[in-house]
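Common to both upcoming complexes is chain A, partnered first by chain B, then by chain C.
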Partner chain A sequence: MSDIIFIGLSLSSILLLIALGLSITYGAMGVINMAHGELVMIGAYTAVLAGLHLGLNLFFALPLAFVTSGLVGLVIERLVIRRLYGRIIDTLLATWGVAILLQQLIRLEFGLSFFGIHIDGLGPGLQNMTVPAFLTQPIDVAGMTIQPYRTFIIVVTLLLAGLTWWLMYRTPMGVQVRAIMRNPQIAAACGIDVRRVSALTFAYGSGLAGIAGVLLAGFKTVMPEMGASVVVDGFLVVVVGGVGSLLGTILAAGILGQINGIVALLSNDIIARAVVFAVVIALILWRPRGLFSFKSR
Partner chain B sequence: MKTNRRNFLKHTTAFGAAAALGPSMIASPARASGEIEVGVLFSLTGGLSIIEKSLADATMMAIDEINAAGGVNGMMIKPILEDGASDPKTYNEKASKLVIRDRLQTVFGSYTSASRKAVLPVFEKRNSMYFYPTYYEGFECSKNVVYTGAVPNQQLSNFIPWIINTLGKKKFFIVGSNYIYPREMAKVSKILIEQNGGEWIADEYLELGHSEWGAMVSKIKESGCDVVLSNVVGDSVVAFYREFKNQGLTHDKLPICATVTSEIEIAAMGPEFAVGSYTSFPYFQAIDTDRNRDFVERYRKYVNDPKAVTHHALESSYFQVYLWKQAVEKAGDISADAVREGIKGQVFEAPNGTVTVDPENLHTYLTPRIAQWGADGQGTIVDEYPAPTEPLPYVAYGETPDNLFCTGAGLDTSKL
Partner chain C sequence: MSIEDTSTPTSSSSRLQRYADWAVYAVFIVIILGAPMVIDDVFWLNRISKYLVFGMLGIAIALSWGYAGILNLGQGLFFGLGAYMTAMSLKLMSATSLQQGSDKPVPDFMLWNAEPGAVTDLCCINKGSFLWIPFQSQWFGMAMSIVIPLIVAFVLSSSIFRLRVSGVYVAIITLALVLLVRLLLIDAQPITNGFNGLTDLGWLTIGGFEFDPYMVETYYVVAISLTVVLLLGRWLVSTRAGLILQSTRDDPTRARYLGYDVAAYQIFFFTISAGIAGFAGLLYVVAAEFASPSFMDIGFSISMVVWAAVGGRNSLIGACIGAILINTVEATVSETEIFKEAWKLIIGGVFVLVVLYMPNGLAGIARDLLARFERRRKGAPAETAPKAAE
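What follows is the complex of A and B.
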């Protein structure tokens, strides 16, 4: 029984990890960020490159990926998204274009491959991140096998969720962000620098995607296309949880992960995926605005 | 080329008014100029380019080698390279371009079955030859395709008995990606497992590209199996082996025996996750012969990468060009009909050993081998058939060497 819950929990934690950044960029800022998966991918590549060229392990790669993806997010916000606030469909198209661009940048090694320069760890090939040995060896505690890497992911995800909650609800910055979510014009009228706060919020959401990328790299192949598949799961969670609600995102990730885990064990993964989609459809029909929602811009 | 009425009509549609100038104008340009044009059709972009680029490189290397050694019957080979872009539809368009506009009689190409199926109608309708270098699921019998990769009986007929008799493992957990190749492989595996006195306790599938293996590996752990037979394809392989280790399973107690995990996948996952597991292929980079070592060295020099790995489909991409060359030399003509007749029974000393094209079904005799993966990402050959095995593309449906379903006359559908 504990095994089943653990699998569900680890599935949930990965869903939450991806959705957390999205719940900021999509949930709080109303940007359908199709490039979110690519920010995850950039995080994963940061870990690969840091391992290959700087000899840094997973733990150092986490903050590095946060900064890298965050900076890329900041640049995307400055160049593209800033001009598109409030035009939700346009953000979808524009960020999709950005996503393709980012994929090609990695695949073409920032264009250097045209000049015959090859950077180890980039290019169209499959890469992998080395996981420290003590995180791959299961530990037996009181008859239960504990998988350190999965446990590590769960712990990091919970910490990040806690941190995000604290930033949003316990800091002056968070108050400003929430004010902008409700009504940007009034927020601006109250003296909040909407542009600056929005840019930083987007960068923070992007940075979370970078961390997700590092952790995913531990058990997935790292390749330029890796982000495309994760972004769909992320949107599922955010939409079911209720756009703009952190608690809803956490709860939705928990529910969907557990359903996925239990059905996968009882039947198989393909049926589990179908069941998850069925549940999502049912939930959206029942509560079109998600589990938790409030009026926002 | 014969210019009967049927052909004439074809040319008229293809060339319009040009056809009115007469047959000499519409003959293959290749023969007129003293060089032979052939098509090379692999994905140079997109998700599959990682692997298909290496197949294209091996094909080009064989062409360059043949040209350097004086060409085919004194004629130079001129490759026309096209990009399938990892997309079956693009494959179809590019194949049409090569066959209809460039009027090529022979094209080397494809990695996936999906892309082969997409181009097949073009080659059959226009009667050109397609050389396909990848191991695949069988169940195909085309007069216009020469198959130089392994079919299920060449990967499994040695593997399953060896697992049962040598490893002493009897309870199989079969797992694969959810599409035709793994499902056909599972079908053949089950027949062989039952024949050899083993049993299979599960036959499970995951979507192609699926990377969340937590539930499946947990199921494997609980199932009580003593060996895992993996037909998992693509980047899922990496996630699978990594999760396997993370859940505390080891290959010395519960080995993964795979039919798709090649040198490429091992390098991508990090060799430490595969140490001790097995794969069955006719070719491994580790084959310890001078011919193979020389081949690996030449390939690395050709692609200018001292760490490049070679693998089964890559080696087939290389030697099938030589088989084609011999067929042209034997027939004295480059037309598809001549190549088809010429290639029957052709023998070539490939890096993996002697390969022979079956005169009936145009598949290739290959030597099944089993390798155990080591910490350096290379296999150690632990078992090798004494002789090349006859290819049986319909083995899952009861085909045997004495009862061929696919012959030179085509597929005998009454036997299915």
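What follows is the complex of A and C.
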């Protein structure tokens, strides 16, 4: 029984990891960022490249990926999203274009492959990130086998969720972000620099995607297309949880992950995912605003 | 807060604009029907017929997104359902289904996976194979290509719009649904051939005439179908119901206060749009000779929306031309490896620029140019011109 819960928990933590960044960019800013998956992918590639060229392991890759994806997010905000606030469907379409661009840039090694130059760790092929040995050996604790890497992911995810909560609810910056969520015009009238705060919030959400990428790289193959499949899951979690509710996102990730884990055990992985989608559709129909939400922009 | 900026093409159009509109339709129809006289390469004609099918998908998207304001990110579901229904019939007509040591047609993949000693008949070769029995009639399969999408869309949209779910949530529900059905389709491997889809199909046969995809006649089937759908769509949005629909898009609350049953109009047009997508699926199978779960990939459904956005989301013909244009250019540049890779960079950039700087797409640009021309001809700004009594 505890095994099943643990499987569900580790599925949940991955969902939460991806959804955490989205709950900020979509939940707080009303931007459907289809390039979120590509920011995850960039985080994963940062880890691969840092390992190959700088000899840095997972722990150094985490902050590095946060900065890299955050900077890419900042650029996307500056060039594209800034012009689209309030046009939510258009943010979806424009960032879909951005996603294709980013994928192709990695595949073409930033265009260098046209000149016959190859950078190790980039290109259309599959890459792997090496995980430090002590995180791969299963440990026996009181008769239970514990997968240290899965546990590590759960711990990091919880830490990040905690950090995000602290930033949003215990810092002056967080107050400004929440004010903008409720009503950007009034926030601006109160002297909040909406543009600057929005840009930084978006960069933070993107940075979280980068960290998710590093952790995913530990047990998934790294490839240019890896982001496309995770972004939808992330959105479903955020929407089910309730737009703008951090707690909702955490609970939704927990529920959907457990459902996925349990159904997968009873039938197979494909059916498990299908059941998750069916639950999501039913929940959105039942409560379009999500399980936990307040009115936001 | 308006979700997207919309201009109403039918309301304040001048006589010149209406003429120009019809001229575009006429030229387009003449071009697609006349193409075989210029292009004698059947290989290219077959390719173009597939792009015309995508043009039909553009029309379906413009109808629901541009005119009803409903963004359906799962249009691939209806396209895929339409494709599979016809593909099942054509699969049974294929030579591969008849050469399996049985006098009755049985899909080859079912026989490969059959238990030893199983009866080689559709009734009981495996648990779900009886579902294939009615598809021995080609007309049944083709009818289902349109009927099933209509039913699914009606049930789906009834629940969505009666519950007054709107905006982004509709997009997310449709997205989740297409993914859900795609997974079920893959999981039902014994009757759908899973990931591999249905291949080695027979040809559409009407009155003894076999429509080989690489024949001018097949191209005409697609081109004429597109013409009919385009004109029907055009007629539909200009009817009273079409105008009410546009009012529900611009302000659903006001339309509701005026006494209109907003949900009924949304359901009607959403369903029609799904039917068109199903019909497109039917034609695609006839032209491309396969059906695959990739029709229900998210990427494909979003691509359709992007085609419509580039062509002009508020214009049926704009969205249609956008779809055909993008696909034709893509096919042309994909001939060489370098351009194929670079093309994806270009198309990604184009999507971003279109959304940022020309939200009404090519059709919007054409409309603006025409309006500017008209103003210059009249010598007075259009704003100050007295409104003609209508």
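As a convention for this text, the second predicted complex is superposed on the first by the 297 of 297 C-alpha atoms of A that agree within 3 Å, B and C clash if a C-alpha of one lies under 4 Å from a C-alpha of the other, contacts with A are read in each partner's own complex, and residues count from 1 in each chain.
The rule we apply is simple: contacts are C-beta pairs under 8 Å (C-beta built on N, C-alpha and C of every residue); 3 or more make two chains touch, one makes a residue touch a chain.
In this text, all values refer to a predicted model and were calculated from it rather than measured experimentally.
Of the two partner chains placed around the shared chain by superposition, chain C is the only one that A:108 touches, whereas chain B remains out of contact.
Shared-chain residue A:241: touches no atom of chain B or chain C. Residue contacts after overlaying the shared chain place A:184 against neither chain B nor chain C.
More residues of chain A are touched by C (comparison of chain B with chain C).
Of the two partner chains placed around the shared chain by superposition, chain C is the only one that A:288 touches, whereas chain B remains out of contact.
Judged by the touch definition given at the top, the superposed model places A:90 against chain C, while chain B stays out of reach. When both complexes are overlaid on chain A, the residue A:121 reaches neither chain B nor chain C.
With both structures placed on the common chain, the touch criterion links A:268 to chain B and to chain C. In the superposition on chain A, contact is made by A:80 with chain C only, not with chain B.
Taken together, the two complexes place residues 268, 270, 273 of chain A in contact with chain B and also with chain C. Across the complex, chain C is touched by residues 32, 34, 80, 83-84, 86-90, 92-94, 96-101, 103-105, 107-108, 111, 113-114, 228, 232, 235-236, 239, 268, 270-271, 273-274, 277-278, 280-281, 284-285, 288, 297 of chain A. On the side of chain C, the complex with chain A involves touching residues 1, 3-5, 71, 159-160, 163, 165, 167-169, 171-173, 175-177, 179-180, 183-184, 186-187, 298-299, 302, 305-306, 309, 338, 341-342, 344-345, 347-352, 355-356, 359.
Interface residues of chain B, counted against chain A in their complex, comprise 47, 49-50, 53, 178, 204-207, 209-216, 218-219, 235, 238-239, 242-243, 245-248, 264, 267-270.
By the touch criterion given at the top, residues 3, 7, 10-11, 14, 124-128, 130, 136-138, 145, 147, 149-150, 218-221, 223, 225-226, 229, 260-261, 264-265, 268-270, 272-273 of chain A touch chain B in their complex.
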